[in-house]
Amino acid sequence: MIQKILIANRGEIAVRVMRTCKEMGIRTVAVYSEADRTSRHVSYADEAVCIGLASSQESYLNADKIIKAAKQFKADAIHPGYGFLSENAGFARRCKEEGIIFIGPSAESIEAMGDKISARRQMIKAKVPVVPGTSEDLKPRDLFRVCRRIGLPVIIKATAGGGGKGMRLVYEEKQLYEAYEAAKSEARASFGNDSVYIEKYIESPHHIEIQFLGDAHGNVIHLFDRECSVQRRHQKIVEESPSPFIDDKTRQAMGAIAVKAARSIGYVGAGTIEFLVDGDMNFYFLEMNTRLQVEHPITEEVLGVDLVKEQIHIANRKKLRLRQKHLHQRGHAIECRICAEDPENNFAPSPGIIRHIQTPEGIGVRVDSFIYDGYEIPVYYDSMLGKLIVWATSRIYALERMRRVLYEYKITGVKTNIDYLRRIMDTRDFVKGNYTTHFIEDNSKKLQESAGNNNEIEDMAIIAAYIDHIVNSNDAPSLSPADNLPISRWRAFGKQKGVLRI
Amino acid sequence: MKAKIGNRTCEVELISKDGNRVEISVDGKIYDIDVVMSESGFCSILHEGRSYNAESVRHSEGKYTITTNFRYFDIELSNPQKKYIRGRQSTPEEAQETITSPMPGKIIKIMVSEGMEVKQGDPLIVVEAMKMQSTYTAAQNAIVDKIHVEEGDSVARDQLLISFKTN
Amino acid sequence: MIQKILIANRGEIAVRVMRTCKEMGIRTVAVYSEADRTSRHVSYADEAVCIGLASSQESYLNADKIIKAAKQFKADAIHPGYGFLSENAGFARRCKEEGIIFIGPSAESIEAMGDKISARRQMIKAKVPVVPGTSEDLKPRDLFRVCRRIGLPVIIKATAGGGGKGMRLVYEEKQLYEAYEAAKSEARASFGNDSVYIEKYIESPHHIEIQFLGDAHGNVIHLFDRECSVQRRHQKIVEESPSPFIDDKTRQAMGAIAVKAARSIGYVGAGTIEFLVDGDMNFYFLEMNTRLQVEHPITEEVLGVDLVKEQIHIANRKKLRLRQKHLHQRGHAIECRICAEDPENNFAPSPGIIRHIQTPEGIGVRVDSFIYDGYEIPVYYDSMLGKLIVWATSRIYALERMRRVLYEYKITGVKTNIDYLRRIMDTRDFVKGNYTTHFIEDNSKKLQESAGNNNEIEDMAIIAAYIDHIVNSNDAPSLSPADNLPISRWRAFGKQKGVLRI
Amino acid sequence: MKAKIGNRTCEVELISKDGNRVEISVDGKIYDIDVVMSESGFCSILHEGRSYNAESVRHSEGKYTITTNFRYFDIELSNPQKKYIRGRQSTPEEAQETITSPMPGKIIKIMVSEGMEVKQGDPLIVVEAMKMQSTYTAAQNAIVDKIHVEEGDSVARDQLLISFKTN
């Protein structure tokens, strides 16, 4: 039985893993870079050790130092979180060699799924649907046959390609041959190699993923779907479960396929299969993530399961205690990623010192964050401050709740994307649950509009600044009430009536 | 005193105060409001029964960031007379003569050297923060006077990076 | 349809009601006393109005001022929360007369259940079990017959009694007559009236309550049980759902009885029946609370229902949308009441200024509070700062989670009962789920013990104070780093090595 | 300097500091620790790899309330030399000469009047806070010198209620 876990990560996910460890009575060891001494995962852990410089290469990606720390503190397991070394087969193998339990799948599973081409091959073998097409050089004689098999629209791509060169999108069969020739000649010109292949073009895809768990005894279950189509530059921003798009038949079929896929590689641990889903609910394997996902909490909320607890349970080589037939999605969950960035300034990161946080509370809200009042966000790592998750009995109630908790979440000192997220919650396509991965692009203009000019709110902001100035600035008449709190200084100030000028 | 908010400049003045009850004029419009605040910067304003909240963060003197419902406002308060008494201070018009880092970060690349002539729009320096790089360009034609940082340096918010002589 | 609700309350319950209103798009009006201008319910509301002096009599209990505020702000409904006017039949009637919807049952229902004797009579009529006994003068000839009917032990009480005078507890039949005579003579001496009555004595009772909902169309459902036996001086401290004591058959029977009781008085709204349950799971009506309870969130967590939303739904005269057959308890919830009091000093209240709050976060935790950094707790109202609620799949996991979130909840500036609550979570009888209303009394000694002397932790506390002193006191060498934050002053201070004396 | 914690008094001294790394001696026991703190009073200490947290609240000079895991500590720091220089200050021995309110509250009842002789244990004044009443009694025989409050008054923390002359 695992007694002590080293968490080879930082930020919200390190704290999230430690929370479950604390509940289970498992001791925790934090590792931190020199830039992270004041990070919350250090103070949350039972023990902590500095493993190097701020740069991730020198610390969170340095397997040697992490293994050394695990041995020094006698941790019997390492939880890698997500990112950093979580999908590094070499690190998983190294842990095994050193006799430390890696809380994740085997090095072989990570390797099999780490490379897109090998993963596709593996999935075809396991009869998991992949985006239809060929991967070899397409001969003219095969062109029409293949195209008819996979169905229009198709995309013709240069085998040696990249950057859109030698690429043609074909909607009508009569354009097919011309496009093929054009792609070939462009490929020849660009890469000196005119071989091309053909693939089905998914027009308005949804990005929907299935969570699954496998144990060391060959049992695999799926934990249903997460809709992750709200993305900006391939970064997920908002996720929800269940997907408002797919029907129950598709959901069950995707779950069954995910179980088959995981079983085909003898997967042990928590994993996710990402699918592209087209407008007709045809779904195609995209990739497998062999780790916990950022958005795992929405699955936890809908199923009432603690995925980290299950990961540790599996790592102890116990049998799965959840049964597929007992798992049902209840209600609806939405997650928003809270980032220190400025949506009005092209999402530039906004590091700095967190002055004050007012955390949302009450029914149906969960916050997974690692920030605290006075924390200085380091410039070396990504800008996610945490995640805001709501649960409610229905999608519409979850949406209403998310608006309410975004309203309650106040973070001062750094700019955040909270107002931008609120606008997503008000955007028609999102409200109707009718959106694809093009959502952010399609609504970019509306999402950039701020709440509109309301002179009264602007005036109130000016008044708030002005009063703070009166109470706190050195220019203001000297006041010294007993406790020297702003409220007391404010009360003490100018008790008389009459015109005052500062 | 003067308040600058976005492109708007206005006159704000405390007219009377009786406990939490104050009259404040913003550009001549008189607000009869009830105001309280906490040490953490939270401010509650009641105006004609409506409840407004603001979280204020005080930067250097007179500069504020105010957060109301989903909106950030950068506000600058200034007292014209005061400025006169204190004498010459850096004003917006002079700001072009230096480049400072708007946020903490790391210097990735410096494209200019001291004494070099730069034209408006020329790239000068690349700063990285939180895995994103920003390139700063010259706001006008100038000569690089001094470069205060080196590639690889970590810089603080508002740290001076490059200063110029205008020609 | 209700568009605007005035919340005739303060503190956490006012904020809790407003949260649901905000989600539903219903505008809210706060009323506040002069002592509550800085209270969070004022800033949370859309509109707010002062209704009088700090004393509750002059504000929160003043029906005239509240009705006037509702009219002034054109609120079409009033939510009374709990306490204050929530069980005041006159206020409910007044609202009706003024054309304002009172979110609660009718004045008649409140009246019927407001008086213990009338409530008992009503319940007997409805065939709801009450504590067996007589309420008339007991004649010697009936003594043994009655006693045999209700079963030993019994308690003989003076009809005119109080303060334990004229009261006798009887465990064996052979003591019965002697005790009867003694009680009578004591009653005669104390009250000049020797009439006595007899009641079954419930030895180790559990306090278990059933939540129910009734609509204006005659539909009534129950929402299962809450175990509330952890009480100090009749004040609930910790509640959980489901009760770890009763079996499912008893739970169903209690639920059915609660529905019968509510139906018998045509109850409309949310209510609770409190039962005394003996060691053999016999249950007896104690009283009906015709309002929302403090501990309602544990029911919400276990059933996935927003009770305030259902209250408003019912107040709109809609039919219940929950069906009894679809309601099932899922997992387990525990609530702890967080109070500003000093357990080491006989639970003396500890008002003052909240310096800093670190709110617990992560999976399965809900905080319903109204405090914020810098808030000064007024001395006029009760000491509850909020409630900490956890949910998990099982009771043991919920308990582990409660320990974790009590650890995470840091409130400085005032003393709280957080450490005391943590000790309850570690007390054997609580852990085993084997406790009655005598729990606090039976474990009082253990619950008063602090974590034990750990010199190292004490030294760390000294060091923390000492370093704060170095960094912040005027005695310390003058330091002025650019940003003047403690961390910067600390870094700037004494960069050299060597002995320093402050 | 001296630190008082519960009934324990000890000597605390900073021996060296290098960045966050400090050596501090508490009654001769030397701790080699790594310490950081935030503006909100949060303090993180690493000692031999173990992580300790403390939240500190500063009252009047030298007085602290420190919260660690589930425990509150009232700590008083003092500098003996300093005290000497400042001359006569109120010390614990003299504290008996006044009664102050340990918390904000309301005066419910005053049982004594100025000039009255009181005996140790006599009830003097009842203060209510948060619906609970506390009665303060005389710590020793004394004569009431001055009563600084009236029934019905609201009082602040540490506000002077009654002062005495000793006979």
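First chain written, first letter: the chains are A, B, C and D, and each begins at residue 1.
The rule is short, and it goes like this: a residue touches a chain if its C-beta (ideal position, glycine included) is under 8 Å from a C-beta of that chain, and two chains touch if they have at least 3 such contacts.
Since the model is a prediction, treat every value here as computed from it, not as a measurement.
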item	value
Label of the chain whose CA centroid is most distant from the centroid of chain D	A
Rounded Å distance, chain C centre to chain D centre (Cα mean)	33
Geometric centre distance via CA averages, chain C-chain A, whole Å	39
Chain centre separation (chain B, chain D; CA means) in Å	42
Chain C: positions in contact with at least two other chains	38, 356, 358, 372-374, 376, 407, 485-487
Where chain D touches two or more other chains, by residue	20, 36, 38-40, 42
Graph class of chain-chain contacts, one of line, ring, star, complete, other	other
Chain-chain contacts as defined at top	A-B, A-C, A-D, B-C, C-D
Interfacial residue positions of chain C with respect to chain D in the complex	340, 348-352, 355-356, 358, 373, 376-377, 379-383, 406-407, 410, 412-413, 415, 418-419, 422, 450-451, 456-475, 485-487, 490-491, 493-502
Partner chain C, residues of chain A touching it in the complex	15-16, 19-20, 22-25, 38, 297, 300, 304-306, 309, 330-331, 353, 356, 358-359, 361-369, 372-374, 376, 391-393, 397, 400-401, 403-404, 407, 483, 485-487
Residue ranges of chain D touching chain A (in the complex, touch as defined)	20, 34, 36, 38-40, 42, 44, 46, 49-51, 53, 156
Of chain B, residues touching chain A in the complex	1, 3, 5, 8, 10, 12-20, 22, 24, 26, 29, 31, 33, 35-43, 45, 47, 52, 54-58, 61-62, 64-73, 75, 77, 79, 82, 103-106, 128-132, 134, 154, 157
Residues on chain A engaged by chain D in the complex (per definition of touch)	30, 37-38, 42-49, 72-73, 372-375, 482
